[in-house]
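Mind having a look at this structure? Questions to follow.
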Amino acid sequence: MNRTDAKFSFKTSAGNFFEDYRLGQVIRHAVPRTATEGDRALYAALYPSRFALYSSDAFAKASGLARGPLEDLIGFHIVFGKTVPDISLNAVANLGYAEGRFLAPVYPGDTLTSVSEVIGLKENSNGASGVVWVRTTGHDQTGAAVLSYVRWVMVRKRDHAAPAPETVIPKLAPAVAAADLVVPEGLDFSGYDFELAGAPHRWSDFAVGERIDHVDQVTIEEAEHMMATRLWQNTSKVHFDATQREDGRRLIYGGHVISLARALSFNGLANAQMIAAINAGAHANPCFAGTTVRAWSEVLDMAETANPGVGALRLRLVATTAGTEPFGLRDADGRYRKGVLLDLDYWAFIPK
Amino acid sequence: MNRTDAKFSFKTSAGNFFEDYRLGQVIRHAVPRTATEGDRALYAALYPSRFALYSSDAFAKASGLARGPLEDLIGFHIVFGKTVPDISLNAVANLGYAEGRFLAPVYPGDTLTSVSEVIGLKENSNGASGVVWVRTTGHDQTGAAVLSYVRWVMVRKRDHAAPAPETVIPKLAPAVAAADLVVPEGLDFSGYDFELAGAPHRWSDFAVGERIDHVDQVTIEEAEHMMATRLWQNTSKVHFDATQREDGRRLIYGGHVISLARALSFNGLANAQMIAAINAGAHANPCFAGTTVRAWSEVLDMAETANPGVGALRLRLVATTAGTEPFGLRDADGRYRKGVLLDLDYWAFIPK
Amino acid sequence: MNRTDAKFSFKTSAGNFFEDYRLGQVIRHAVPRTATEGDRALYAALYPSRFALYSSDAFAKASGLARGPLEDLIGFHIVFGKTVPDISLNAVANLGYAEGRFLAPVYPGDTLTSVSEVIGLKENSNGASGVVWVRTTGHDQTGAAVLSYVRWVMVRKRDHAAPAPETVIPKLAPAVAAADLVVPEGLDFSGYDFELAGAPHRWSDFAVGERIDHVDQVTIEEAEHMMATRLWQNTSKVHFDATQREDGRRLIYGGHVISLARALSFNGLANAQMIAAINAGAHANPCFAGTTVRAWSEVLDMAETANPGVGALRLRLVATTAGTEPFGLRDADGRYRKGVLLDLDYWAFIPK
């Protein structure tokens, strides 16, 4: 209504539609945000995360960092949140992630901004929507890049008659190469305190193909996922507005499930301290309040780094509903099983 | 019971009743409170606020401030919260606000106290209650006033036989005069980054009479409004105690609706960065958990200031339930329409 | 499953069982945690606490402290939370507390760790479980002890055939002696501002046997107690996993009830600023979301200290469900009455 009735202001944003995007277009997203110790405390209240490097300033310093960084996913959520009003407000589906790299830790006091470049476009054959690929980079207040990732979303067209753009599908790496992982400057796990970190298992204790059922389960409430999603200034209506669905439930931000699953993975992967890369990710099924979430992991690859004592594990992290048999990802027809919520492929740094 | 049975201590406070107030009485409210970055993070988790000046320390500094201030309403809620045990614990209704002026930004680390002066009294004709007008001022740890406002509440009498005080109704300005707005020292919008702030509309793009439907909607949960209200140390029982109503719902603190509506107004008023004054306010209808809130605004007045690039808009901000037709405030009989929750008249600073 | 099927990793922790404990065993608990202003803000959002010494940095400084400490129970919850994975993950019941002493205030920035010593063991006659007594000490980043307490829990056996240990029941003091209370260095209440603190009652206004009904009531939501419990990194499944009970409710962490009752006691005990000791404590009945909690206190003892203006009250703090008659603790048969949730015996510092 606010766009059609001349009495009213047209100053609100309805977001972009598929035909608004152009290949090579660079979008500087609005509203920089300063991350603080308050974010750290809220993250602890919202997710059962216990990774020592982020829980303890003293542990971070003993690992060679200047002070205690914020959880890597805090930086990811903030940078992602800024893109929502421009990229996914009219999204039908969040289709995937690739080439995500964490380039520098985010510390309390850092102010983050996001910029995205449109790197791919493909109109759907129905002419009603299309897929947009963007490479998003988050910067801190000095202009240094702190993380970068590609995601692609299916976005509605405003006008079905608008002409289709030339189809360009970006060539994306199936995974970030181990050689491209950025180890934080100074990171040193040679004096790592395994007892204090909560588990004895070091890099060499893992093997490709190994699977871990993370055992613990957490039930999600509406208030929790809405507080989390707002904290990252994600404005997507489906997460907050009970009138968007007949049952009044709000779709849970996929990133909330990522953070929850990652936190649950502590029990089994306590030493997989830092997220180094996101190779791929799919929100396999929607998640709603009332769901009890469980997680399992699989070791996909292993690599060494040049930093003292620092190895890397490539892990599949899968979130499921409680009661879903672990370690099964897809049905016979290749589709994600009904109880699978998240399938995330990432690299983490772990002491050797 | 604790006040009538001699075995028990009388040390708890039951709050003041109408006959306890005297014209000119000055009440120094208890429990100073230090505001912190934790409050900023919780505010972000509780309200979808994205005003850049409060979200980003860097943006605040680029606007001439020493560092990132806390949202103006954080200061308001804290100062207000302190008055509840003395002013509104036995209130039947929170009737209105006037002459609210924000005198200085509140920064993390500031410790706020509140003091109120009784400036008006009027017993109701039923002899069971009366209206109390107070002018409340919030001070920081240096004794400097940070904000001041008048509010009036209907308060029960303890003893219906207590004599009525002389009726004194204070003469209140219908709105804070533009000349009385206090622009924060150093505030300079001459280098304002509209792209980073999230919208291109500057002061001169608005016109008196213009109306904006803010489009977005948020559903409120019990846990959210209780956490918010507690954060401001507001002790009013109706917000926390499910036994106060047969349906178990708790009345939502009116200030929660103010903050929610103000945050929703970002979509359309992203550059109305700072609240300068509260001219008037009415909580038109009670709000309960489960309500989905929407907001609209109307430009009531415009003014310039002496600070570089800083203009002021006088705005009506109206919160409604979802599905309420926007821009209609009152029924034919002059009463607020059923779906109207809040009618707030305020001044905001916006770049020219 | 993850412990019996050879395909799967055994890296997750299932916690300790009764037969895993040895008398004299020292357990250094995992995951140090830095406490921050974010914790202070969340504590304020989760509990209606208004004790001035913790609410206001300025008040703390005026009381002789270097800066504003965090609520004593924040330190307690963090130290306690670390012990859960090692002590109470397989607990059937949390049986009691004794000899709890707060040795130094915890300030934002402090990093806390926990260590426990097994000081008692007693297998139950059914051979299926036993009682473990531990003395837990919390340390800050300098290694200084900040608090110490004994608790005992009933823990399941993994293998009912495992031999019973020699029974050793530690001799515990019925209460911390007044002479053993540690007054924070520099604490000075000689210039205490009673008006600002919220009540006029000083040490000498109280008498042993005096009882206070704290009047206010708070209803607990699932999201609130889960956020609180996670904030302290307490991993006990029963607090988070709706599938653990048929009705989907999650058992509320006993410490949540302690903090809530302590906060409610402000109305009547506003000047009982600091918790000095926990003499005894029992979680008399389980608490679930939807419960409306009320509290009452009884003065058990009084003592003086060497610090200027600082006295001590020994208090019984009882949390009940709303509607439970106050001041009645046990039925005729000596059992806690049905509506009693918590029976806590503690010492607090209060101005003389």
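For reference, chains read A, B and C in written order, and residue numbers begin at 1 within each chain.
By definition in this document, a contact is a pair of C-beta atoms (placed from the backbone, for glycine too) under 8 Å apart; a residue touches a chain by one contact, two chains touch by 3 or more.
For reference, the UniProt names are A, B, C = MaoC family dehydratase.
Note that this is a predicted model, so its numbers are computed, not measured.
Student: What's the call on subunit A versus subunit C, same or different interface residues, using the half cut on shared numbers?
Tutor: Different, since most residue numbers here occur in only one copy.
Student: If you fit subunit A onto subunit B using the CA atoms, what's the rotation angle, as a multiple of 5 degrees?
Tutor: 120
Student: Using mean CA coordinates as chain centres, what's the subunit A-subunit C distance in Å?
Tutor: So the centre of subunit A lies 36 Å away from the centre of subunit C.
Student: Two or more other chains touching the same residue: where does that happen in subunit B?
Tutor: 36-39, 41-42, 221-224
Student: Would you tell me which residues of subunit A are touching subunit B in their complex?
Tutor: 1-2, 7-9, 11-14, 28, 30-34, 36-39, 41-42, 85, 108-109, 111, 113, 141, 221-224, 226-228, 230-231, 233, 235, 237, 240-243, 248, 250
Student: Which positions of subunit A touch subunit C when the two form their complex?
Tutor: Within the complex, subunit A contacts subunit C at residues 36-42, 44-48, 50, 52, 55-59, 68, 195-199, 201, 205, 210-219, 221-224, 267-270, 290, 292, 322-323, 326-327.
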